[in-house]
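Each of the two complexes below includes chain A, the first together with chain B, the second together with chain C.
Right after this comes the complex of A and B.
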């Protein structure tokens, strides 16, 4: 126990390590805020950069960047409707409407506080229940991922806006975009038309930037002459009363985030979307209707995606299995530094576990400090006249898209999707479901096929699997309940009681 | 005014010609990694590059361009100028792209700067599996065809090829469930969602050591030092030896028509970088066999690998086009 404590405090007591964690968190917030610059990319670049450093220094920096980066994506999502990272997509749904109401300051304040709460829940789960959670995560079979993905895609229903049919169309369009490229199971080419450039699929961050950022900028051209909305900056840090009100939702979303983060096939983006969906279904009286600037719509995804950070570290530190893309890169970094990430890591290098827990805790504290400073300056950005702001958004979108993989073709995709998204919006199609389809379509595709292949292509055996295993049966039940709750039968039943 | 522009242009021209004569490399290089961040190829690339930079005296900026099982990076480097400033960090995959009809481009269009190392494959099963050797597994699979689930990574991937190689020695039938990579496959194995999986030792080593998976055999003609007491596959299946050594490999390529002087500089730098004890230790600990070969020697290795693999895949009915079409002779 004293050993654990001394390892935990390693990163706190050494001023150099303390400085590195702080610098990492700070840099992470801004890397996360710039669309296209991802935490995965930043950590990969750091590997070459920190090659000659002691491994502890490198790990402190990476933990900071990871924590800060996941949070940072919310900044541009709220202010400009451009999610800085895929995990901030759900944040834009209610965050941007808040900025339009002049409440960007409090929106950032709330997301900072709940991000930190989510972060602590994730760290706590990592510290006390890591082995149990990673064993639980291993139990998820392909059919369970399928059920999770279906639950996620049901969110189309609440993102459809004026017409469900239009929402379903958008969702299906997203699934189609996600299908382009090599079939992950058979390496068959799908919708590539023989082009090598399409073999890798359509980069979905480019689609995200186009559909959210550029299309919104184009829509804003209609109201170019209108003065920018004055942002209220008197109250930024949410009051204790407000935090207390959202605490139950935040904790619930965080628990969801930890589990989804710990699952090796899913990360913060899916965690945030599912948490948002969960909030929409369970919160009876939101501050405002969802999609129009409900605080709850910020609290749920922002708690979940930061909780997913601790969650993703769980299988990585206990089993050497990455929980998401960033932890996969950190595993590579550990190898290069001569450590052996795997199930033996905690036995051979026990300090590493508590050292990481300590670093993440520290990064989370810095997150609170850096997150709550500079908000006033940031909100000024949206007060710029549109004639200045809109070109800036376009430039930022182009630079961010190019940064994904230094490929100019991605910029054309992004602009194309931006234009397309503009017309979609003009005709009352929401773009949210498109992104949902791009993220969840491929997951549904491979999970369903894996599940069916596993039972020798027998559909009855597949159906039997859905109810015969306790975990799967629980998920099937949850899904059935979700579906039934939306039907007339449910309301009839409620009325009768 | 015009004169000044003209003077400027002349000066610029003079500078560029002077630069052209300057020693290679005079600026930073770009290294294109054909697999995503955190994967085996990425780890190897990022581990060797700092040592090479030291020998080269210039930075190599690494970018991951994953997609199309490496076809996208390969096409990208092939389209770049042949000046020696764009390097391809790759694995074995392009050698089977032709027969799988993914891309016409394979390593014959490139010059091997260095084939750093090759990996060794092992066959692992869940820790509670009833089998203790590959032979027992194969016999069980023959008794219950299709009932045993094999973790795979898709066509042309290591599990698929090892499965096909074994099948050509002794016919059996299992159900292959493809995952996104060796790591996700091993995860499914530990969750009990598949029963066994042929996989690179580098990916499975730590899981074997911790006893979370059971190793049934090594795809090699002798025992490997990191797995004492584990039988080589040739013990029960002597017919397998004609395919060995077989395994994934990692290396660095440039376009064929890069100037010879640049090739030589690169070959020397990478040879030196790959000799670095820190890198060698990392590779061996991950269960790889160091090769550090280049030029004609590497070409011969690549040709043999391609011949063995493509023909076995072809005989297993897993190809779309005959290796003959690409002038690959039957081994």
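Right after this comes the complex of A and C.
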């Protein structure tokens, strides 16, 4: 316990780490607030600069950016009706009508406070649940990891894309990219075309920066000259009475956010939309009708999306399976720092877990401070023209990719993925599943083959294993339900009901 | 009743290209170890490529159900739509600049390559004149250099041209 506390406080007592967490949170808020600059883009571009840093420094910065970025999107959703990040889509539904009524200041204040409440609920869940899940995860067989990973890719593909087919394609493409190089079990060459450069695989950070940095920047060119709408913001700090009134809803939505965030493949955006929907169905007397400026429509998604941050860290740290696209990028960073997220991480390096919990808590406190101050400075930054911002992002993307191995070939990979990602996005494909596929592909491959080898290469025995063990059977059932929910059978059944 | 969205110009061609790519990937995956064993090195790549083939085919089928990109049809009007909606000239010009920058970065080095790219990019997109473009790009370049090279000690491309 004393050890855990000392690890928890490590980031609080070291001025440099404290500064990095604060800087990450600050940068996250502002990057998340700029429409088109997602938190995934920020994390993937910025982590490339941290590979030479000590792991604690890199983790401190990442925790801040993630926490700040998820919250930052709400600002422009309220002020401009443009969600700065996907997790703020639901926030705009009632946030912007509030701003139009001249209540932008209070709306921002409330969203800040409930985001912080949600953040604390998520962190608490992480601190309590992760050690227990980690112990439980030691019982997981390779087949269970395989099922969890497939579920993660399918969830992110089906929930956030235009169609299941496009989600599956993106996820499978990511898996294929993750397969390039030497097979980890037999050292056979896969998709190397005889090139020595491909033996080590495709650098996944180049893929991440290409898909999230370059392609997003290119897509933003289509909205280059969108006029900025300026809003008057007066008082920000909400009254205690108001906070007290929305506290039960905030806690309820936070609990939902933690659960959604902890599901492999689903993140803050899905959590926020589900919490909004849940609030609309359960709140009897909202301040105003939903969609016309109800504070409840702001409280629910903002609590849930920040609670999902702590939730997303749970499968990442305990199972090595990313909760969403941002945690997929963070897992990539942990690999490069020589760490292997999964149940053994909690046993071999418990200090890292408690250090992360401490950092997230610290980032949440900074979120409250930065969220309730500096609104004038904020409006200036958000008004920074995209004509300046986009070339800068591309320079940072190129430099960040080069910094990983000082190899110009990585930049060409990044460029190729960026251009491909641009067309994928233009035609309605999500790039999140690609990244999840790249990270989860090798895990799925090894898990599947270990599972099959354990039954002496007998496919019927492998299939029997999927339904005979209670834990595996539950996961198989969940996966089958997920697949079935995407078929016409499910919609037919819903219509009949 | 659901009203299907209009197909974007070039979406059908993109779907077919994805299918072709997926089929090629499947053939390459098969070449790793064929169907020799269900735990061989090629099984999972084949499964991934197979999923790509099937989903790309489903995407093409979905595209066919959508309304066409233009009401008048004809390859010429679709091509015009493509260069308006998907790849307008400004986007293509910027993409060309990005490609040029990234391909020459190792040769020109960070300072010259990024300086030229920032100046070109900001002048093209921000459109406030050459002097404004020059000042903003110089200030941005200096800020990036100070933060990443001097504060965080990130290795930046030195440039083979000047060595």
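In this section, the second predicted complex is superposed on the first by the 270 of 497 C-alpha atoms of A that agree within 3 Å, B and C clash if a C-alpha of one lies under 4 Å from a C-alpha of the other, contacts with A are read in each partner's own complex, and residues count from 1 in each chain.
Everything that follows uses one rule, which is that a contact is a pair of C-beta atoms (placed from the backbone, for glycine too) under 8 Å apart; a residue touches a chain by one contact, two chains touch by 3 or more.
This structure is a prediction, so every number in the text was calculated from the model and none was measured.
By the touch criterion stated above, A:28 is placed in contact with neither chain B nor chain C.
Of the two partner chains placed by the overlay, neither chain B nor chain C lies in contact with A:72.
With both structures placed on the common chain, the touch criterion links A:186 to chain B and to chain C. When the two complexes are overlaid on their common chain A, residue A:335 makes contact with chain B while staying clear of chain C. Touch criterion not met for A:105: it reaches neither chain B nor chain C. Judged by the touch definition given at the top, the superposed model places A:267 against neither chain B nor chain C. In the superposition on chain A, A:52 makes contact with both chain B and chain C.
Look at A:406: by the touch rule set out above, it reaches both chain B and chain C. When both complexes are overlaid on chain A, the residue A:257 reaches neither chain B nor chain C. When both complexes are aligned on chain A by C-alpha atoms, chain A residues 52, 185-186, 189, 406, 453 touch chain B in the first and chain C in the second. Contact residues of chain A toward chain B in the complex are 40-41, 43-44, 47-48, 51-52, 138-142, 181-182, 184-187, 189, 196-197, 199-201, 264-265, 315, 319-322, 325, 328-332, 335-336, 338, 340-345, 405-407, 446, 450, 453-454, 456. Those residues of chain C lying in contact with chain A across their complex are 8, 10-11, 14-15, 18, 22, 25, 28-29, 32-33, 37-45, 48-49, 51-52, 54-56, 58-59, 62, 86, 88, 90-91, 94-95, 98-99, 101-103, 105-106, 110, 114, 117-118, 121-122, 125-127, 136-137, 140, 144, 148, 152-157.
Interface of chain A with chain C (complex): residues 49, 52-53, 163, 165-166, 168-169, 171-173, 175-176, 179, 183, 185-186, 188-191, 214, 218, 221-222, 224, 385-388, 390-392, 394-396, 398-399, 402-403, 406, 408, 411-412, 414-415, 418-419, 422-423, 426-428, 437, 441, 444-445, 448-449, 452-453, 457, 459, 462. Taken in their complex, chain B has these residues touching chain A: 36-39, 42-43, 46-47, 49-50, 62-69, 71-72, 75, 100, 102-103, 146-147, 149, 154-156, 175-180, 183-184, 186-188, 190-191, 193-194, 205-207, 209-210, 212, 278, 281-282, 285-286.
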